[in-house]
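Note that the chains take the letters A, B, C, D and E in the order they are written out, and that residue 1 is the start of every chain.
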Amino acid sequence: MQRIGVFVCHCGSNIAATVDVKKVAEWALKEPGVVHAEDYPYMCSEAGQSKIQAAIKEKNLTGVVVCSCSPRMHETTFREAAERAGINPYMVEIANIREHCSWIHKDMEEATKKAVILMRAAVAKVNLNTPLKPGESRVTKRALVIGGGIAGIQTALDIAEAGYKVDIVEKTPSIGGRMSQLDKTFPTLDCSACILTPKMVEVNKHENVNIYTYSEVEKVSGFVGDFTVDIRKKARSVDMDKCTGCGVCQEKCPSKKTPSEFNRALNTRTAIYTPFAQAIPNVPVIDREACIKFKTGKCGICEKVCQAGAIKYDQEDEIITEKYGAIVVATGFDMIKLDNYDEYAYSQSKDVITSLELERIMNAAGPTKGHLERLSDGKAPKEMVFIQCVGSRCSDDRGKSYCSKICCMYTAKHAMLIRDKYPDVNVTVFYIDVRTPGKNFDEFYRRAVEDYGVNYIKGQVGKVIPQPDGKLLVRGVDLIDNKQILKEADMVVLAAAIEPNKDVRKIATMLTASIDTNNFLTEAHAKLRPVESPTAGIFLSGVCQGPKDIPETVSQAGAAAVKAIGLLAKDKLMTNPCTAKPDELMCNGCSQCANVCPYGAISYEVKEINDHGVRETRRVASVNSALCQGCGACTVTCPSGAMDLQGFSNRQILAEVDAICR
Amino acid sequence: MSIVNSQADKIKEISGSNPLKCMKCGKCSASCPSFNEMDIKPHQFVSYVQNEDIQSLVESKSLWKCLSCFACIERCPRNVQPGKLIDAARQIVVRQKGQDYLKADEIPELIDPETPQQLLVSAFRRYRR
Amino acid sequence: MSIEANEEFKPKIVAFCCNWCSYAGADLAGSSRLGYPADVKIIRVPCSCRVNPMFILRAFEKGADGVILCGCHPGDCHYSTGNFYARRRMTMLFSMLDYIGVENGRTRVEWVSAAEGVKFSTTMNEFVEKIHSLGKNVRLGDLRCRN
Amino acid sequence: MKYSYYPGCTLKNKAKDLDAYARASARALGFELEEIENWQCCGGVYPLGSDEIASKLSSVRALNEAKEKGQDLVTLCSACHHVIKRVNDDMKNVEDIRTKANNYMQLDEPYAGETKVLHFLEVLRDEIGFDKLKEKVVNPLTGKKIGAYYGCLLLRPGKILEFDNPENPKILEDFIRAIGAEPVIYPYRNECCGGYISLKEKDMAKNMCNNIVDSADGFGAEMLITACPLCMYNLKKSTDEKLPVKYFTELLAEALGVKEEVDKA
Amino acid sequence: MQELIARAKELLADGTVARVIGWKAGDLPYNPEPAYFEKEEDFDDFVYNSFCGANLSKLMIEACKLEGKTLVCLKPCDTYSFNQLLTEHRVDRDKAYIIGVGCKGKLDIERIKKQGIKGIKSIKGAEITDDAETLTIDTLYGEKTCAFKDAMLERCHVCKGKEHKIYDEIIGESKDTKDAERFAEVEKIEAMSPEEKFAFFQKELSKCIRCNACRNACPACSCRKCVFDSTKFDSQQKANVDSFEEKMFHIIRAFHVAGRCTDCGECSRVCPQGIPLHLFNRKFIKDIDELYGEYQAGEEVVERGPLTSYTFEDAEPGIVAERG
């Protein structure tokens, strides 16, 4: 029989305001095995923990139940406290009477009753707990960063600087990401390329960093400290070692009609291309779908003009398998498609553009060489209208429910830059709210209004009406004046919502990292563990976790790196002792459990079994506890119930069921 | 208080729309073809219901200027659908005896030989009980 | 079942939640103060695939009026594939319970992610309401081999 | 192919010829419109109130008759289409309305939105196909620059009507191409003409219609077509016919070479 | 039968096999039972006739642990069970010598008795060589007749076919006796209201005396130690466990063999109370066929059964409520 202590936490008033904690402790004493019960305002505090430790020693407790917040919060705290007092940490169970009780119920009597039942279930479980000992697993001292934008670059640099090897996997032909497409950055109006390219160069030449561009993660297996990843290095059709980056092939390539991804399809590129001048690596790829040689077999001009002999039409995709201790996701974002917003005439007029397209137009390396002009007729605009929140903050099913966070600031930036460079252009911004929480952000926005005379109108636009003369009639509302406004504009810029990169779902599935309804990766704790995924060993960097601007992205990238470094710095990890364990006397050796094990942790051996004196040689299951992650799939598949899960055994769960239904 | 309350609730019930979802972006008013004819603008309709000032709404000219063209309903990013609120207010008026906006005796002078039946039928539906 | 009887009826509802998604979703419902009836009691399991049909039958035999299993969305299982097996097992079990005449509303599977506090709360509210409409579970308790 | 057909009030009275053009065209294209027996007026506008039941019953009757015949229900007028399609959606998805309406109707088998509601244009697009229509055209309207006027009721709310992209539709333009003419796209094609408001607020309607016609004119349209008799009336009446306004069935009949036989009859 | 005996003796004599598993005559003309034959004289009792319904494949689990090969007589439907046992590594193919014995349908004495035929002394027409359509039964009260078909076991009416799925040699001819829809009974129950369903099963299951005959006969229910006999699923309150088992026994049993049950029908055949236990198993088979694609356990040796595999698009458990 266990000697159990029950400790009921008030959590200040978080629990005590709704649950009669004294009564829970009182009732606990009536439960079988319970020899001690008390309540305390903050069980997780030093003093609270001491109370638990004192009781363990004084009353010779063998098991502990803490009625408190979610085990996801403080299970470890209490288990460690118990361990310090000399009992096995796995003899501690938590009854979640905060998140699952006091916070969701209003009626004190009802909540107290429920808390008592949750306490009983935990006591019933602890009565059946057995001491468990964690195993150890090794840590591969290498990190993988998925995505080579500013988030991925920063994370990789920070990990590399700490002395660990890092691989970056980037899907496109060059690292640089979205930031490389930007012209200037807020709130200081730095040139984006000027601050990004040095980082790109640095990461490229760092001895600890290895970059796979034009590559994708194909398969992930293993677990924290010991991931095995297959990376598909797509055929570049160009030998990276031989290419000198002279660019002649691109000049001579006759296939010039492919929309340029880098320039948001505002102009075209050749079939053999580097996305932009500062690309790293400065080695082109052949887009096989556009290449005449690949389509018809004729052409081969690039091969002829390449003096280095770097063109390799027969190059094939390569699969690289590598082991990693930690994985950082930095897959970034894209703008939403505007198919659902035809009232803004995006698909009907070339002069209605997105903000990212405007970035390319404003950029000296962009389709108009940095001249602000209408894409329809090349004329300089006189009136420009910016529309905010296109697809952000929507609760219909057309857009996204969240605020994209960066639009207010980049629109102020665009407005300011245009007014600065083209003082005769009038700029009007239709906004719902201007959101500027950030250092020097509101000042920046105010400068746009006060120093640059940008006309901010509070109200949305209902429709953009292309006119026969090529102008755009913008029908909006001024909510302050309570007037409908008809404004003739030459260009309209839409602040389209941002959304996580399309590939993130696939990647999250491979990593078994959870993802929210908007396809942002979920953090382990919204406030306290914002750069970790709930899946151990997976870290989050940049917009893949939620909308962010550059400074925030860089901070988070650094934070993710620190978390990864903290993991890589360990030589060994304690493994979860809640693993599956077969009862060899009962095992039939039928292999059903091995069929459902996702980790290949179950094997079979033929061995001599001594069943109460009867010796028999037969086939039985055996679990590799270093591989087993404790999901329990095998336990249910096992027809005889020979396979059980330590820490969540059949008897323990049934005891909880019985306690709840009592 | 209770009467006012029940009228606001009635409007919410008839319209099936929740004015609390409004984020006050004004896209309804920016889309409304009758905006200039209205004394209470579509986006204000939402606030009036929120604030339970139903008396102003039932006395408003706007009730009879709304075209039910569904532009605000189509474009509202928050699913508030001001057009439905306006129609609900109109229903409250026309459901009261003698409150019809269109009287039978004024019809002859409003129509011409080409007036389609559809026009009369529609106007009757919107304006009368 | 009369309305009066319904008012007194306090159903016993067991919710099995996987540790990674649904239990966290329930925590989020809690920290967001999204209420649901106290009749629901949650048992934490590592994965939906840990839930043996025996557990559910046991709950019913012990007097539960409804049992719900929540796990990660298909494809998002922390252990990659656990919920796929759980899905087949539960489909089979529910079908069998339906076959022997237990109202099929008494069992439910819902996929709730760690970010779906709202869904967790809505699901539990719906489920409790459903159990209320079905009333007390008498059938499974009575299904005996011997009279 | 046989469809149940709901002609609606205007097309059976003031605009009989437009209905006749549609039927003749249907015959030429190889399908038949079987008029619902004893159909009642749809009411012209969809009752928005969630508590409106009685005003939806005429639509339910028509829908149920089509269901009993196992036919899809075809409409020709945008207003009828709008009302019937939305009532059908209510019957399918809104339990309260479905229950109450069925209680009133006392049908042998309750109606729950089973019937598929098609606008005549949808039949042309989805069932016949504009390519096929093009092949059947004998008098292509070559060279004619036509602006399509959609109005509100065919398109909005897009989620329920599911007719076309509500902000950038193309079905009428495709239709215009199919009959050999050239579509003129202008931004006011889905702005309201004023609808029923033209009865009492003639100035408002005038203003709106002029915006539409001016916009179409500005983009070079020589003619407008509509799929709603009220839009047609408003556009004609309120703009002194700056541009000719026709119903799409008239042009269809003309292109298919059946207009004369209708006009003679 | 004589050919079978001769061949078995031959294989014993030349040392190919160390023993034979077959059927020996019982004390009544209609109750032969499974038996081991190791010496030539043992064969005096050997019998193979239409009352040899017992599925011998399960006996191979223990036989495979013995020295030398074991000859086992398997009817076509029994071979499915053997394959399933092979799938689950419960038997060793190398230690089995399978003679596929011919089968033209097996008889259910209860069905004969139900027709009012009592005091049975002998039955003609049940010998396997006969192609008799009619059984001639000599009773204390004179000679009675009964159509062979009317006396067949339920499972023979939904015969899986005359092919042996695994064998070393075949002796005797087989016949496909299927004359009913396999899922007809299940569908009939599915169509009932919940109240009717419950009443039906409550009535049937109330007859159960927990004799464990079904569990012992079932070739899929072959665990070394049954979950019902272990403490793995009990909590501290041992007293409650009995009633849990009592109430849920048949559901749990059926679930444990779901995806593995070959539908051999032994459970119903051996039930002394005549409970149609196969209706549970067959419901699972029907669901599996409908939801995850047609699957016949034991058709061949496979790695994964339907409950140890999945597809991304599998139906959600809610389908149970949706399909009504």
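FYI, contacts are C-beta pairs under 8 Å (C-beta built on N, C-alpha and C of every residue); 3 or more make two chains touch, one makes a residue touch a chain.
Predicted, not measured: the structure shown is a model, and the values here were computed from it.
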item	value
Partner chains that subunit A and subunit D have in common	B
Distance in touch steps, counted as few as possible, from subunit C out to subunit D	2
From subunit C, the most remote chain by mean C-alpha position	D
Pair exhibiting more inter-chain C-beta contacts, A-B or B-D	B-D
Chain whose mean Cα position lies farthest from subunit E	B
Centre-of-Cα separation between subunit E and subunit B, whole angstrom	73
Separation of mean Cα positions, subunit D and subunit B [Å, integer]	25
CA centroid of subunit C to CA centroid of subunit E, Å	36
Whole-Å gap between the CA centroids of subunit A and subunit E	54
Residue numbers of subunit A (touch at least two other chains)	343, 463, 596, 637, 650, 654, 658
Subunit E, residues touching no fewer than two other chains	227, 233, 240, 307-308
Residue numbers of subunit D (touch at least two other chains)	166-167
Those chain pairs that satisfy the touch definition	A-B, A-C, A-D, A-E, B-D, C-E
In the complex, subunit A residues that touch subunit C	70-72, 96, 98-101, 103-107, 110-111, 113-114, 117-118, 121, 508-509, 512, 514-517, 522, 534-535, 578, 596, 598, 629-633, 635-637, 645, 648, 650, 653-654, 656-658, 660-662
Subunit A residues within the subunit B interface of the complex	343, 389, 393-396, 398-399, 432, 458-463, 475-477, 479, 482, 484-485
Residues of subunit A touching subunit D in the complex	341-343, 345, 347-348, 397, 463, 465-468, 473
Residue ranges of subunit C in contact with subunit A within the complex	12, 14, 20-21, 23-24, 26-27, 29-31, 33-36, 38, 41-47, 49-55, 58-59, 62-64, 72, 75-82, 85, 89, 113-116, 121
Contacting residues of subunit A [partner subunit E, same complex]	32, 124, 127-128, 583, 585-592, 595-596, 604, 616, 618-619, 637, 639-642, 644, 649-651, 654-655, 658
